[in-house]
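For reference, the structure is listed below as structure tokens.
Chain IDs A, B, C, D and E follow the sequence of writing; residue 1 opens each chain.
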Amino acid sequence: MTALLSLTAVSKRFRGLLAVDRVSFDVAEGALFAVIGPNGAGKTTLFNMIAGATTPDDGAIVFAGEPIGGLSADAVCRRGIARTFQLVRPFPALSLEDNVVVGALLHRRGVGAAREHARDLLRRLDLFDKRHQRAATLTLPDRKRLEVARALATDPRLLLLDEVMAGLRPTETDRMVATLRTLNRDTGVTVLLIEHVMRAVMALASRVLVLDHGVAIAEGTPQAVVRDPAVVQSYLGAETM
Amino acid sequence: RAQSGPLKVGVLLPRSGFEAGIGQDCQRGVAIAPAILKSIGLPELAIMDGDTESSVETARARAAKMVSDGAQCLVGAFDSGQTLAIAQVAEQNGVPLIVNIAAAPQLTEQGYKFVFRNFPTAGMILSDAFTDQKEVFAAVGQSPKTVVFMHVNDTFGTAMAKGINLLMPKFDMPYKILDEIAYDPAARDLSVEVTKAKASNPDALLVVSRLNDAMLITRELVKQRWTPQAIMSMGPGWYEDEYFKTLGKLADGPLSFAPWFDPNKKLAQQLEAALAKAYPGVNLNTNHVYTFEALLVAADAYKRAGTTDPKALAEAIRSTNITDNASIGGGIAFDAKGQNTKVKDGAMQNRNGKPVVVAPKEASNAQPEWPLKPYQSRT
Amino acid sequence: MLAVENLDVFYGDVQALDGVSLEIAEGAIVAIVGANGAGKTTLIRALAGMQRRLRGRISFRGVDIAGWPSHRVCNLGIGQVAEGRQVFPTLSVEENLDIGAMLPRARADRAKNRDRAFALFPRLAERAGQPAGTLSGGEQQMLAIARCLMGAPQLIMFDEPSLGLAPAIARGVLDTIGALNREGITCVVVEQNVALSLKLASRAYVLENGRITLTGSGAELLADDRVRSAYLGL
Amino acid sequence: MSAALARLAGDLSPRTRIWLAALVAALVIAPWIVGDYLVTVLILILYLAYTGQAWNIMMGFTGQLSLGHAIYAGLGAYVAAVLFTRYGVAPWVGLLAAMPVAAACGAIIGFLAFRFGVTGVYFAILTIAFAEFARIGFDHLGIVNAAAGLFLPVAQYAHNDPWRLRGSPTMFYYVMLAATLAAFILCRLLITSRIGYFWLAIREDEEAARAAGIDTFRYKMYAVTISAAVTSFAGVFYAFFYNNLFPEQVFNISRSIQMILGPIIGGVGTLFGPILGAFVLTGLAESLSTALTAMGLDLPGAEQVFYGVCLLVVVVALPEGIWPWLARRLGVKEAES
Amino acid sequence: MPFDVYLNVAIGGVLTGLVYGLMALGLSVIFGVVRVVNFAHGEMMSIAMFLAVVLFSAFHLDPLIMMVPIAAVLFVFGYALQSGLINPFIARPEHSQFLLLVALGIIIVNVLLIIFGPDARTVQTAYAFDSFQLGPLLVDATKVYAGAAAIVFAALLFAFFRFTLIGTAIRACADNYTGALVVGLNVNRLYALTFGIGAACVGAAGTMMTLIVDVTPMIGPTYTLLAFVIVITGGLGSMPGALLGGILIGLTEALAGLLFTPSAKSMFAFGILVLVLLFRPQGILGKRPA
């Protein structure tokens, strides 16, 4: 089976700092793939490179058989990769619905059809009742959900989620996990997520990649990864659980 | 529209905005008018003051407002663009417009029936300037062989520059233009321009300027220690009060070839006296005289028409024939296009803090002096 | 020392704090626990005078300081180590510390306080001339604390002091809080590491959706089932 | 077509529709009721409403602050005027040349700015720089008579000739009214369409818009070219209404400022804001001058001082502009954001 | 053209550029800290110019001496303006700030028109027409004095921001607004202080400018635009950038005037601005925004 997304020796340097250091991995179509690692490990930077927000200095990023390294963010999105931001960025003055409509219009010409689609997604993410509110008035967890809805509205094949569980309480985390599972099952969308909430990672991910200081130190099933001594040492710490 | 009582004249001038200085100067001509008109037996005018704010739109709106408020005659507006905007209102409403100052020839080339201009066009100003220059050269027995032509790059300056290139060959002038230097009307500093002119080492400077740049050029001449044989200006700036006030002794000497008043005419002397009384320290100049004369034309026509009806008034203006006016030339009479063809330039020289007229002979009250006294030896 | 009664805070139409009441005793360490967006930062900002659209009473040693601007509040001796460190990136470490001592109450003791800060964090003394923006995250956090100490505060509010720090450094910061408390400084701590902050705290409040839902000593909350399941993931 | 119609009136409440119809009706019959002076003032108001609407496409919809919009009006004016004076080309045909020229100019400015990442205040200054460039350039351009000014022949027409735009103020009034309505409709169609949503997204957060797959460069280019093309008509109108063009006046920065005061006062990003703003500002200026004359205060500059104070008061008291505030009071749901 | 002509023109351009630079410095300081673009900058300068002219014609006080008191007056004006009017606008969008300051500009211009009338006014000092001769070079004395004063003033300002506690505090506000609140700085007062300092710069520059140009109420807008061109070229928010931008623009205009038609010389200044914006959007000495 060929991978939907495949990274080979991707690196990124910020002045003196090697934020991402020759990272390689494959994400299979339909997978739920998680990236974990301590703060500043380079996870968001990795996402930014896949999503076209920054250009990799080195290495190849191949999506659905085509190289996408260095494409602009919008071009990447049009090819089927949608992302959320770690520091959420909804369109503040627009209503929730219009926020999602913007995403839905990417592959739909008519505003009417886009609105239909947007409402569908808002329902799925429990935001339907708030659809007329301005996005600026939402709480942080709601904003994160809104970002997921907007990203989904672009009909992606690959969804990049940067810490969307942060700030959700355990029950809400479970609901988000369930939503993503259902989406993954119903639409076949591949999900690549960054997460610190291990509860969600364990419940959701089929595969986990661990980054530390820009280097991939482990990759495998969640169960295998949390037992890896290097991961326990650098990320989970002795005291966890 | 015809009513009894004094004729309502709407005067539109740029009294604020970037032309505020000149607009407010013109307004002085309005202020001294009623008493003088009365003294020469002309009927009283009811004057409505308007400010165009130096903008074409405001000029047009204010003109329309005045007409709707009952103005039976309009006077204005110093600036050609604003005057043209007002002209359209005048024409559409059948209200005569008497142009006080505005040199763009187009104004009287549009076939307007209600627009009259008692001011020379750019072409007329130039032709007279060349004629008067020759008269001055003959009087002093000297003439420059080379000049540098410096002009401000605004409406008037550009029109004059174009005219010079067209007309000069016809007049067989003794000098040759070495260099033409156009400068920005908003210039803050003309040191480069003067340096450039000085580098060509001409006998004289030929200039078309405004007040601000006239002062800047003079200062630079002093600082760069260069006194040409003569400065010959063909427009405003060099004869204005501010120029004298600011530069003192350094203001003496430049020649201006421009529309002016005839100091020998009685009305001009009357105006001078009235102005001196109302505004001590202000010398009579073109702005006052021509703005006053526009009102004179209106009052004169009103007297002859005997009615405030604008149509009749326009007819009366058309048949104007005033000989006892104040400006240089044969008086005021309009041709079929509404242009006064009798109006003439004068040549003025700055002398002891005041411009005197040195040409044409019939209007002069002094002899020209040549060359310019070196700036360095004046203090 | 500090008592809050019925505090309401609004962001535009959104209510972020709803009738919050709490008390901070002289010399205590008080932990405030809550999910993201619960209003912890808002509470601290309100107490510090940085969020002035509020209703309710905040009394500090008997003076109602609700609605006071931050520079007056600070000058009472209420210091803050804010979320995200908030150092001045282009200023040197030393200049950052100087700014901390600009409060009228602290001007006279500038030199003394600086020596104390450098004694507490020798790393900063080594880097006194370096622009703060080039410090590592942990060093920036030290600087934020040191800068706060320059203002000679009697009460310090820490907002997520270990956020973004490697576990070892995070623990060091929490130890520092304990040490400062022993010197007599009252502390309020908001910390993502709930377990540690509860262990440290003599009193703790749980904030949910802008309301206080639970209160008790640190140990009590640490043993509470709701807290264990919601915040400790147990 | 019907879809467009539905979008046009779609989410307006019946009350709003009645208000709108009444407003349009009042504007249509206005020249029969008011005199020449008020017609002239109304023309000025509609002119500013129109240019404000055009500017709003860039600033209000797409969030790009242009302070040099005079360049587009000026280019439109000069292109049509030169074609008319030199070749006798009717203004409506001239418009077909003026619009592409202005649009191309917009595209050049946009390309340079957006490709090189010039944003915010910097973009605003860049637009001023280009307008100044044009001003000085035209001051030296022989074909448009340089600084001496371009005069259109004001032939005497016994009757109105809308094709050649010669005639009475009433005719110009209807032309400008039609244009203003057209601009309003165009803007409403744009803002409720796909492109409008993309613009709003860019205005709100460009990076997030890019992440949502929007080619922000392209849509910003659309905004600047459309805005420029729409604005150019105002220039054509100006040329034929005032019949004289001076680079110093036409490209002056004060003209750009005049264009954007209305929408800012009225409400940036709203459809009614530019119209309301134009009414308020011009009405204010005219009534100030009338009031001061009535009071017998002949003090040049006083009117502008009061005008400036009024601007201050409005911008301090109503940060979003008059229309959003008024809409809330009237209970009108704003159709656009 | 002989070489000394170029040298003469270049020296004049640099000296004038220094004064421009000082004026632009005010704009830069205000933007760098308060993040408000002062669209009434030139108008504020014309206030200073009129003050200088009035003081000179009434009491014969030399502008070079009056520079300090006039800067102080403008400081007070700027301080009051910021704390009374502009402060609530800091968080507002740019177009809103723009409108506020444009309105302010309109008021200033016309109040000056009402008070002083439209005529140009000058200061005629004893040394107004002096020039120094150095071999083939003729250097305008007033420009030398004004340029030197600009350097001194800018150096004082630089020292203030670099070495005093208040200056450091102002830089801290610019660096991190939240951080400034956190440590208990009175940010509003520091902002007002900054605006005052910016106004003082423009006051000093305006006072010196009266030695070089005549003042009318309408002079303001041109200088606002000029200040923008300079500051953006040099780098908005950078103090050395403002001086450098001033010199660069002064020099460009002077040389362009010599080599091409002078009436189009400001086109070259705008040309430089456009080039700088395209290839170094943050300005020559500006810092790239994070």
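Just so we're on the same page, contacts are C-beta pairs under 8 Å (C-beta built on N, C-alpha and C of every residue); 3 or more make two chains touch, one makes a residue touch a chain.
Since this is a predicted model, take the numbers as computed values, not measurements.
Q: Would you mind naming the chains that touch chain C and likewise touch chain E?
A: Correct list: empty, since no chain touches both.
Q: Could you tell me which chains make contact with chain A and chain C both?
A: none
Q: Let me spell it out: compute each chain's centre from its C-alpha atoms, then which one is farthest from chain A's centre?
A: When every chain centre is compared against chain A, the largest gap points to B.
Q: Which chain has its C-alpha centroid farthest away from the centroid of chain C?
A: Following the centroid criterion, the farthest chain would be B.
Q: Once you find the CA centre of chain A and the CA centre of chain D, what distance in Å lies between them?
A: About 43 Å, centre to centre.
Q: Can you check how far apart chain D and chain E are, centre to centre, with Cα atoms defining each centre and the answer in Å?
A: Distance between chain centres, rounded to whole Å: 32 Å.
Q: Counting only Cα atoms for the centres, state how far chain B is from chain D in Å.
A: 37
Q: Which integer distance in Å separates the CA centroid of chain B from that of chain C?
A: It comes to 76 Å between the two C-alpha centres.
Q: Going by the touch rule set out above, which residues of chain D reach two or more other chains?
A: Where chain D meets two or more other chains at a single residue, that happens at 136, 139-140, 300-301, 304.
Q: Going by the contact rule already set, what residues in chain C reach two or more other chains?
A: In chain C, nothing touches at least two other chains.
Q: Could you pull out the residues of chain E that touch at least 2 other chains?
A: In chain E, residues 110, 113, 118, 217, 261, 263-264, 266 touch at least two other chains, as defined above.
Q: Which two-chain combinations touch?
A: Every pair of chains in contact is listed here: A-C, A-D, B-D, B-E, C-E, D-E.
Q: Would you tell me which residues of chain A are touching chain D in their complex?
A: Contact set of chain A toward chain D: 51-53, 72-75, 77-78, 82-83, 85, 89-95, 98, 101-103, 105-106, 109-111, 114, 150-151, 153-154.
Q: Over in the complex, which chain B residues touch chain D? Could you list them?
A: 15-16, 20, 23-24, 49, 51, 53, 55-57, 60-62, 64-65, 67-69, 80-81, 84-85, 87-89, 91-93, 104, 106, 110-113, 153-155, 157-159, 162, 182, 184-185
Q: Please name which positions on chain D make contact with chain B in the complex.
A: 35-41, 44, 136, 139-140, 145-149, 151, 153-156, 168-169, 242-244, 246, 248-249, 286, 289-290, 298, 300-301, 303-304
Q: Within the complex, which stretch of chain D touches chain A?
A: That would be residues 7, 192-194, 197-198, 200-201, 204-205, 207-216, 337 of chain D.
Q: In their shared complex, at which residues does chain E touch chain C?
A: 165, 168-169, 171-172, 175-176, 178-188
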